Amino acid sequence: MSEGLAKGVGVARAHHFESVAQQREATTLGIWAWLITELLLFSALFLVALILRIQHPEATVAAARHLKFWIGAANTVVLICSSLTMSMAIEFSRMGWQRAMVRAMLATAALGTLFLVLKGYEYYADWDEHMMPFLSSRPFALEETPAARLFVNLYYVATMLHAVHLFTGITLLLGMTWMAAKAGFLSRHQNWIEIYGLYWHFIDLVWILAFPILYVVNRGT
Amino acid sequence: MSASGTIEGAAHREPHAPEATIGRKPDYLHAESTLRSWFFTTDHKRIALLYLASITGFFVIGALAAGVVRLALVVPNGAIMTNDTYNKAFTIHGVVMVWFFLIPSIPATFGNFLIPLMIGAKDLAFPKLNLTSWYVFMTGALFTLVSVVLGGVDTGWTFYAPLSTAFSNTWVLPALIGVTIVGFSSILTGLNFVVTIHTMRAPGMTWFKLPIFVWTHYATSLIFLLATPVITTALILLIAERAFHVGVFDPAYGGDPVLFQHLFWFYSHPAVYIMVLPGMGVISEIVPAFARKKLFGYRFVAYASIGLASVTFFVWGHHMFINGQSDLASLVFSALSFAVAVPSAVKVYNWTATIHKGSLRLDTPMLYAMGYIGLFVLGGLTGLYLATLAINQHIHATYFVVAHFHYIMVGGTVLAFLGGLHFWWPKFTGRMYSEPWGRVSAILIFLGFNVTFFPQFILGYLGMPRRYATYPPEFQLLNVLSSAGATILAAGYIFPMLYLVYSLWFGRKAPANPWDAKGLEWETSSPPPTLNFVSPPEVPRIPYDYPIQATESKDQHR
Amino acid sequence: MRTPLSTLTPADRAQLKQRMRKPVLTFLALLALLAVNVTLGATLPFAHVWAIELGVVALMAATILLVSMEVIEEPPLIRLFSGLGFFWVCIMVGMTLTDYLGR
Amino acid sequence: MTPDHAALQLWPVAASASAVEADELILAFTVLTLVLTVPVFIAITWFALRYREGSEADRSPSGIRSNLIEISWMLIPFLLTLVFFVWGARLFVDSKNPPPDAMVVEVIGRQWMWKFQHPTGQSEINNLHLPIGQPIKLRIISQDVIHALYLPAVRMQVAALPDRYTEMWFKADKVGTFHLYCSEYCGSDHSVMGGKLTLMNPGDYQDWLVHAGAQQGVVAAGRALYEAYGCASCHEPGSPVKAPSLAGLYGSRVALADGRNVVADDEWLRQKILNPNGDKLAGGGKQVMPSFAGRIPEDELNKIVDFIKAYPRPGQSAEATR
C-alpha cells in the first residue's frame, strides 16, 4: 500500500508507534478486524433468511417476489458506482491530487445518499402496498401466508441495519472530506482515505450479498 | 502540564504519595491528578483502572443479587420472598455477573494494563478507541442498571424467546439494549488487543517469546471479534421482536424460538472461553513465578490457547440437547465437545508439571493459582458429564449445571482474577498488600466456594431443577449448606476489598519486581511511568527464564 | 491542485490512465456480473437457478475483496484476516444446518 | 426420592431400566473423573509440600522427553472420555426410538401447569399416573413459552416447544410416587409448575382410569387450574389483593352493588369469570380482576366451576378439594 505514493504524501507518526510502517500496518489490520465483525453481524441475519427459506419455502418465495426487485437492482448499480468513485479517491490520494480526491469523495457521498433516497422511496412503496407487517395498525398484503411476515420483517431489519451503516459511512465521509480539503492533509493522514475506502467497499460488499439473498435467490422455487 | 508542578500538587493532596525522585519522571498514577486526566485519559494503564473500579462495582451488585438468591433458598416453600422477586434476583445476578463482570474482568483490566508492558510497547495500538470502549461499556451498563432500578428483569440471563419477547412483563428492553451495547465494548477491546499483539511487539519479541498471558489474550480477542457480532444480531432481532413483533423467533407467526438459542449459544459458549482463557493466562504467569521454574511445555500451552478458542466454536449445541434440536445435531455437538478435553488437559498437566521439582513459595497469588487448578479440573470434567448425551438428559437444567459452571466461572475466572490482582497489585499501585490477610482470604474463598457449590452437584443429580424459587423439602439440608458456604465466600470477598484499599495508602512501597518474576512488566518501575519504559526494554533470550529449567526437547526452548 | 482535464500534461494523462485502469475494469466486471444475476432473477429460466446466482455473487464478492480492497496485494496476515471472517461464517452456517437439515 | 418422604436420600430412585443404565454411565464416568483428577490434586499438594522453597529436595532435571509426555496426556484422557461419548450416544439413540407399541400420552405445557391426556380420554393436571411394564411415549407441546418436562425417576427431560411436538419415551419398572418438574425456566411460577408422577401396576392403573381418574380427579384438576390461572393468588385467604373468598360461595346469595341479590350458581360463576366487570359486588371493593374470556378453554372453565362448587365453607374440612 505504501508503495506508489507520490512525493509529499504520507502519514504523520503518532507518539506511541515506533515507525510509520508500524502505524500503517496497525491501522490496516485494525480495520480488517472490524470488517470481520461486520461480516459476522450481517451473516447472522443471512443465516436467519436461510432458515426461513428452509422452514417456510412458499411463504418466503411469496414474500421475496413482493420486494421491489428493480429498485434493489438499481441500488446495487448505485453502490457499484460509488465503489468506483471511492477507488478513484484512493488512487488520487496516492497520486497527491488533492482536489480530484475531494471531488471523488463528494461523488461517493452523493451516490451513497442516492442509495438512501432510493431506499427511502422503496420503503414508501412498500408501505403503500401494505408490505409493512410490523405495523400493527396496517393490514399486511400477504396476510393469507402468515409466515411471509417473517421474511418481510427480516428484510426490514437487514436493510435498515445496512442503511445505518451507510448513513454512518456518509457522515464520516463528509467529515473527512471537510478535513481532507485543507492543505497538508495528504502529507499527514493519507492512510485515512485508504482505511475509510476499505470500510466503504465492505459496506458495498454487504449489499452485494444482501441483494441476491433477500431479493433474487428466493424468487425461484 | 509541567512535570514539577504536578508532583508538588500531588504531594499536597496526597501525603503518602511516593516522593519524586530527582531526574525520574512521575509514574502514570501521579503524572496528572485532575478528574479530567482520568476520565479523558488514553493511557492504557489508567483505562485499566477505570475498568477495575467499574467491574468491582458490578461484582458487588451481582454478589448482592446472589446473596438474595441464597437467602431465598434457605427455606423450601418460598416464604422469604415472592417467586417474582426470586426470578428477578437470579436474572440480575446472571446478567450482571456474565456481561458486566466476568467478560470484561481479566481482559479489560489486567489485559489492558499488562499486554503493552509484556510486549514492550508504549501503549495499545488505538488508545482513543480503548477509552471509547470504556465509555461504551458504561453506557451499556447504564441501560442495564436503569432496567434494574425500574423494577428488574425476570427472563434469566439467557433471554430465551418467546418468554423474553412476548410473555415477560418486566423491563426486558433496556436490559437487552444494555447487553447489546456492551458487546461493542468487547469488540473494540478485542480489536485493540489483536492489532497490538500483532504489530506493537518490541524488536526481538517474537511470538514464541511472548508470555502465555499474551497468547491467551490473543485467543480471547479472536473470540471477541468472531463471536460477539452474532449475539449483537441475535439481540437486535430480539429487541425488534419485542418492540415490533417481527416474528422470526415467535411461534405464533411460524417463527422458530430454537433459532434464537442457536445464535445465542454461538456467542455464549465461546464466551465461556472469553472468561476462562484470560484466567489461564494469569495462572500461567503465577505458577512459574512462584515455582521459580520455567513453564513446562510452553509451546503446547501456547497452541492450546488458540486450540481452545477455535474448538469452542464447534460445540455450542451441547447447551441444546433436550431443547428440540435434531438428534444428528446433538450427536455431532456432543462428539465435538469432547475435543475440548485435549487443550484443557494440556494446560492443567503442564501447570502441574511446572510445579514438579520447583522451589515453591506459597504466597497469596500461588494459593489462588493452586486453588484454580483444582477447581478448574473439577469444573471442566463435570462439563464432560454434561456433554455426554444420556447423562445430559438427566442433569440438564438442574443444579448440576449450576455447580459445573460456577466451578468454571468462580473457581476458575474469579480465583484467577483475585490471584492476578494480588500478583500485579504492586505493579498497578506501587504498594504491597498484607500477605497474611491475603493468605487468610484465599483460604476462606477456597473453602467457602466448595461448601457453597459442591452440594449443588449432589442436588443436581438428585434432580433439583435450577431457577426454582421453591423446591421439595427433602432438598433443604443441602440448600442450607450451600447458603452457609455462601456467607463464608462473602467474607472471603470482603477481606481483599478492605486490605487492598488499605494498602493504597498504608501499604509498604513496592519495588519494581517484588516477586523476582520474569517478564517485561517487571523490568519497569512499580508503578510504571506513563510511557511504560524509560529506556527500551531488552527482550529476554527465552520466555519464563527462571532459575530452574527442566530438560525439554530443544524445539521448546526456542 | 490540477483537475481540469485540459490542463493536464501528457505525463499526468498517462499516469491517470494507468492508475484508473484497474478501478474502471473492476467496475465494468461488477456491472456485467450484476447484469447476469438480474437477468436470471427476472426471468427465472430454470429450476435451481439460485445455485448459479450464488456462484455469480461469490465472484462479485471475490472481485471486491481481492481487487477493490486490494487483498491480493496485502501481506499474508491481512489476507488471513480477510478470509477468517468468511471461514467463521461457514462454521456458523454449517453447524446450524446440522440441526435444520437433520430435523 | 418419593415426595412423601421429606428425608434426604443420597441417590435418586431409578424407576426404569434405562435410568439404571444412565446411573451406571455416570458412576463409571465418576470413576474416570477420579482417575484423572485425584493424581492432579495429590501431585499439587505433594509438590507444594515437598518442593517448598528452602526444603531439601532433588531438583535435578528428570530428563524425560517432554513431547512424548505432552502427546500422551493430550490423547489418553481424550480417548478415555471418548468411550463415554459412545456409551452416552448409544443410550441417547435408544431413548429417541420408542417401540411402536408404546402407549401415547399427550402432554401440554402452559404457564404454569401441565395437562396430561391419557389414550382413553381421561386427563389430569400437573399429576401423571402411568402403568409400569409398558413402553410409554409422551407427545409434548407447549401453548405459550418453552417449558421442559423433567421426570428425574426415569432420568429424562425434553423441552415442550410452542411450535412443534417433541417426544420422550420410557418403560418404567418400579411402582411409586416421584417428582415431575418443569425444567426450562418459564416465568413467575416456574418452580411450582409440576406435580407427582405416580407409577402403578397395570391393574391399578386401569382402576384409576375408571374411578379416580374420571371422578374425583375433576375437582383436583379444578384446583390445579384454580392455582395455575392465578385465581388462587388473589382469592385464597391471606393473599395481598384480598379478593373475595370463594370458599362456600357456590349456592349462596351474593349482594350486588345495584341492590340485587343473586344466587351464585354455575352460570353466574361462569359469567363472572369471563366478564368480571358485570354484576359489580356490593361493599365498595374495587373491581381489579381481569377478564378470562378467550383465555380459558371451555372444558377447563367447567373444571374450575366444579372446583368452586366443591370448595368448602371455612370450618369444614378442606380434604374434599385436595
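Each chain gets a letter, A, B, C and D, in the order it is written, and its residues are counted from 1.
We take it that a contact is a pair of C-beta atoms (placed from the backbone, for glycine too) under 8 Å apart; a residue touches a chain by one contact, two chains touch by 3 or more.
All of these numbers come straight from a predicted model, not from anything done at the bench.
The minimum number of touch steps separating chain B from chain D is 1. The interface with the greater count of contacting C-beta pairs, when B-C is set against A-C, is A-C.
With centres taken as mean CA coordinates, the chain nearest to the overall protein centre is B.
Per-chain CA centroids place chain B at a distance of 40 Å from chain C.
As a whole-number value, the distance joining the C-alpha centres of chain A and chain C reads 13 Å. The centroid of the Cα atoms in chain C and the matching centroid in chain D are 55 Å apart. Centre-to-centre separation of chain A and chain D, using mean CA positions: 50 Å. Under the contact definition stated at the top, the residues of chain A that touch 2 or more other chains are 25, 29, 33, 36-37, 39-40, 43-44, 47, 51, 55.
In chain B, 198, 226, 230, 254-256, 258, 266, 327 are the positions where the chain touches two or more neighbouring chains simultaneously.
Residue positions of chain D touching 2 or more other chains: none. Shown are all chain pairs that touch, namely A-B, A-C, B-C, B-D. On the side of chain B, the complex with chain D involves touching residues 78, 83-84, 87, 154, 156, 158, 160, 162-163, 166-168, 251-252, 254-258, 291-292, 296-297, 300, 322-324, 327, 330-331, 334-335, 338-339, 341-342, 345-346, 348-350, 352-353, 355-362, 370, 373-374, 377-378, 381-382, 384-385, 387-394, 396-398, 458, 461-463, 465-475, 477-478, 548-553, 556. Here chain D touches chain B in the complex through residues 1, 3, 5-12, 19, 21-22, 25-26, 29, 33, 36-37, 40-41, 43-44, 47-48, 51-54, 57-67, 69-70, 73-75, 77-78, 81-82, 84-85, 87-93, 95-96, 111, 144-146, 148, 150, 152, 155-159, 161-164, 166, 179, 181-192, going by the rule given at the top.
Contact residues on chain B toward chain C in their complex (touch as defined above): 198, 226, 230, 258, 262, 266, 313-314, 316-317, 325-329, 332-333. Within the complex, the chain A residues that touch chain C are 1, 25, 28-29, 32-33, 35-37, 39-40, 43-44, 47, 50-51, 54-55, 69, 73, 76-77, 80-81, 83-84, 87-88, 91, 94-100, 103, 197-198, 201-202, 204-205, 208-209, 212, 215-221. On chain A, the positions that touch chain B within their shared complex are 15-17, 22, 25-26, 29-30, 33-34, 36-45, 47-48, 51-52, 55-56, 59, 133-134, 136, 146-147, 149-150, 153-154, 156-157, 161.
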